[in-house]
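There are two complexes below, and they share chain A, which is joined by chain B in the first and by chain C in the second.
Then we have the complex of A and B:
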């Protein structure tokens, strides 16, 4: 088991390094000059020497591979550079906005798994009933509906029409807890929808697969009550494959935050990332991509280890 | 016929015959598919969407780019069934033309990612060694990268335009098919019938096209249907953020973005394009589900990694 964990950890570091390379060169592919774009408002661009000076200050005048080396070195020492457009420290910008996005993120993750599992289990146990048909329909709908459209519809119904929830905005939880929960209700629901539908579908199919197997028939044949059969015999083997999509829902929710935060005017990381892409703010995009990938990576790592722990075949095979 | 297809791994006699989709037959596949109510709805909607895209000039009542400054942001009327947009252009016509972008991007992405993914998957599974190592590690990196962010950065880097958004989505989308194909290639490579073909002197290319790839066909068709839906969604998302297809080309994601600004006055402006996107994606998912059940009963664990 220890060998398995060490192997996984080593591999995770390798992947992260690769992701850093991809991210770095992807951002350098972005067209346009970030320095000029950022200085357009407040500096006289006709003076080429100022442009050169600012570029040198950000290290953007060096060859690309040197820039990459500098960035990697700095990244691991906690110096994530300064924003090209505002000049603020990227670390500070992240720390300031992270709590907002984390709140949305964990609430969405919680909802998607809780409701998803309930939906999946119910529709598997009531297979081929109207309820099953309805839940299957809802989950296909949930997978298909684009987050921005769902957000628009919810904003229209709850914000414009019934006026029971604020259509947009954000206040920190510790300032006004009730207002905060009202404000995050819609965004978290929208962010959770896709994951919820995915989890429901997957739970349903995994559970059905297990229920169809011989040992469940045996358990029923020996006279166990149906509830005992499901809870003590069917759940664990069905839960193991379901675990594998945990990391996937992580990435999905993170991707959704770009659009959600824009639509609900929430000052979080997704909003910052989106602005950074449009302003060619390299340090922010790079940090964002690496941190985002690390989140998924860590989620996958935890899943893998849990998997190896639950299913001995995996760790022996490795 | 279907029975031989299922039992092929167990009986040694059948091991000498490649497991091919053609054993089920296109007609058999269609028959099973048409029994599934959801996939029938899916097929109908997909046919409708492609007809909209193909026959847009015939179906649209107006030129989608012709402004009418006397009728800005009007609600539905006998003249304009869905009303007009912020420049007085007929919304119905713009939505009909919008199908062109969505369907082209969907098809383009699926074709590109499947072709590239298959190529990489075959290379990885059949060559093995360093090829396999490098290609699979790249796939792993793509899998952990937050997908939508990858596409946004890529599309921004490549610049505006339909071809570029197709490339951006495909650069992300090939990893799934590649892994799928590799798994199948690895499983099939050691099969007695491949060995038999090799012993008979078949070239690598022949083995690949005649014996290995037909075996991957079933999961690939399912991946294609689901991938089409995903690509349509990604394109709409990017267009909503102003990345990808540029105005005045009508695109559902873009219409929605403009419509969102006038949500409280003309709600239909944002409802209609969103409904089209949702229906298109739903149809592809329903078709994908139906295909999966029809093609291989053992694949019922959906999305399971191979």
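Then we have the complex of A and C:
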């Protein structure tokens, strides 16, 4: 198991290094000068010396490989530079926004797994019933509905017509817990929709596969109650393959936060990243890409390790 | 002649009656608010037509209270307008008072913190400043603070982008506490426009010094760390060293220690100065009607009413501004902004024309349609494309049915443009009419230019929905006359590079927020400057731009700009499409807006005529 973990860790570090290189050089290959773009409304471009000064301040006047070396060194020493479009320190921006995105993330993870598992289990146990058809319909709808459209529909229903939830915005939990929960209810639900539907479909198929196996028939033949059969015998083996989609859900939710934070005007990391892409804000794009991919890598690493622990066959490698 | 007791009694009674009349409410109404105004208007400073308050301006009396809710597409950026990046000038203009305001015809003529001024000679201006103006941190505005601010902007070390704007300024001299003399390097007709803009936004000297001290302290703290490391390194070396090397190493240690000590002292001083100070980039300190209350970057900024604001007091309306404050919340998505307006979460919104049907009949909203001083034009690359040929420029200009484009791309909200400046701008040449739609002529010109089978040109437009709409409509119109316009839709950063590298034949430009004509015309038609990207070279226009820059007589200067417009128009140097119109939906509880006065007053209308809530609170 230790060798397996070391191998997976090494693999994750390698992927992270690759991500850093690709992110850095790809952002440099994008057309458009970030300094001029960000300054075009504010700076008097007649004074070329000012443009050069700002470029030098952000280290953009140096060769690309030197910039990469400086950025890598600074990144690991916690100096993530200053935003080209807001002038703030990227570390400060990240620390201000990270709790917001984490709250959204954990709540939507909660929605997607809790509701997804319940829907999947109910659907499997009531196979071919109206309830199963209903849940299947909802799941397929959840998988295919565009996030943007779902968000705007919910905003109008709950925020404009019924006026029971604020249409957008964010207040920290420790400032106003009730308002915070009201404000994150819609965005987290929308963020969770896709994952929830995916989990429901996957749980249903895994559970149905397990329920059809001989050992379940044996358990039933022994006279065990149906609840005990499902919880004690069927659920654990069905959960193992479900665990593999955890990493994917994690990445999906993180990616979804870009659109959700934009739609619901939430000042989180997703919106910061999206703004940065349009502004060619290199320090933020690079930081977000590395941290985002690190999170997905860690989630996948945890999944792999957990899977290896649950199923020893997975640990076998050459 | 002796005065009897009877006479004295009569005089006393008469005096009492006059006094009573003067102080009675009837008399106050008769005198009106203007009676209490301390503003003096002269021939040189005539009273503007929009300088009206009371019932003539709005039928209801203002009520104090309430926080107005606004939305913003993005965060405000830095709050010192001289430091890049600034994303929200309208918000900041409520915090900072300025020296002069431009009015409805975009001339910087309205005295503000600059009370009045006189050209002593073509390169020297004497300016009297307003007394009794206090910054939000309690410090006073005067000639010394203004000089400090201008010198601060001019100091390369402070990194102000606005420094480029004030290069024609030689220096500013303090004559007395409330008088300054501006020394110019050369004749500079654009001076007043520039000081009606960011360099003339009054900032607290105390706050600027505090911000500098914070930055100094940070810089010195880094230096101290470095010096400490050097001392440690030197000490290590000294321990290991023997013989003559030991003596040398000990000297080195002493030297490094001295340096460290010096830096520590400097740091202590800077830390002392920075105690309680805030960096102006994060905490704006002006003297305007609104002061900062709370800043949540990328979420919202809350402003509160400045109870010591000078302006209301000078016109006998000390309750100005009437609202308690305002909150600017970041809501990037347009449809979500509209949802917030309809849900009553924000109070006013500039809507897209496509949203107009959703707001025009809403019983809770009042919709205002007002002209904007910005222009959309098709710009030609005359340097390295087929558009060196006037016949092809003319063909494009006549091939575009402007009315149809406005209807298709902007819902009919737009005013036909003849040239750069909108009709209300003083530089607009009233003799020019928008180019007429004549596809037959356009087709003929294309053939005459040597393209009997038509031609293909390159274009680069932004990716936003409006650009795509008009891009496709114009493309179809050009196709009809034999011009195939291959458009690449690019996001702003990539588009800017395409324009800079002249990798296009026909593009578009938006002239936003036109004020003094010099900066706009210089930007578009002056090839030595970066903004223009050398897309054309029209010597006679350049000469006129330079001439206007040195012309101090307003009427003569205006005529020069008319001549510039005529030359550009007759040379088909660009194809001007339309001047924009804004659609603003405001909740009906917000009172006090007078559209006609706002158009007449321009930017100066907003601080002088603040709105209020119907009952003094949001409902």
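Everything that follows uses one rule, which is that the second predicted complex is superposed on the first by the 313 of 318 C-alpha atoms of A that agree within 3 Å, B and C clash if a C-alpha of one lies under 4 Å from a C-alpha of the other, contacts with A are read in each partner's own complex, and residues count from 1 in each chain.
Quick note on the criterion: contacts are C-beta pairs under 8 Å (C-beta built on N, C-alpha and C of every residue); 3 or more make two chains touch, one makes a residue touch a chain.
The model shown is predicted, which means the values in this text are computed figures rather than measured ones.
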item	value
First (chain B), second (chain C), both or neither touched by A:144	first
First, second, both or neither for A:228, with chain B first and chain C second	neither
Which of chain B and chain C A:6 touches, first, second, both or neither	neither
First (chain B), second (chain C), both or neither touched by A:160	both
Touching partner for A:22 - first (chain B), second (chain C), both, neither	first
First (chain B), second (chain C), both or neither touched by A:31	both
First (chain B), second (chain C), both or neither touched by A:85	second
Partner chain(s) touched by A:56 [first = chain B, second = chain C, both, neither]	neither
Touched partner set for A:169, first chain B, second chain C, both or neither	second
Overlapping contact positions on chain A, where the chain C interface meets the chain B interface	30-31, 152, 155-156, 160, 262-263, 278
Chain A residues within the chain C interface of the complex	30-34, 36-40, 42-48, 50-51, 53-54, 57, 84-88, 93, 96-97, 152, 155-156, 159-160, 163, 166-170, 262-265, 267, 271-272, 275, 278-280
Interface residues, chain C side, partner chain A - complex	74-75, 77-78, 83-87, 156, 159, 161-165, 167, 281, 296-299, 329-333, 335-336, 339-340, 342-343, 345, 490-498, 500, 522, 529-531
Contacting residues of chain B [partner chain A, same complex]	38, 137-138, 140-141, 143-150, 152-154, 156-159, 229, 233, 236-237, 240-241, 253, 256-257, 259-260, 263-264, 267, 270-271, 274-275, 277-279, 281-282, 285-286, 289, 300-305
Chain A residues within the chain B interface of the complex	14-15, 18-19, 22, 26-27, 29-31, 136-137, 140-141, 143-149, 152-153, 155-156, 160, 201-202, 205-206, 208-209, 241, 244-245, 247, 251-252, 254-256, 258-259, 262-263, 273-274, 277-278, 285, 288-289, 292-293, 296-297, 300
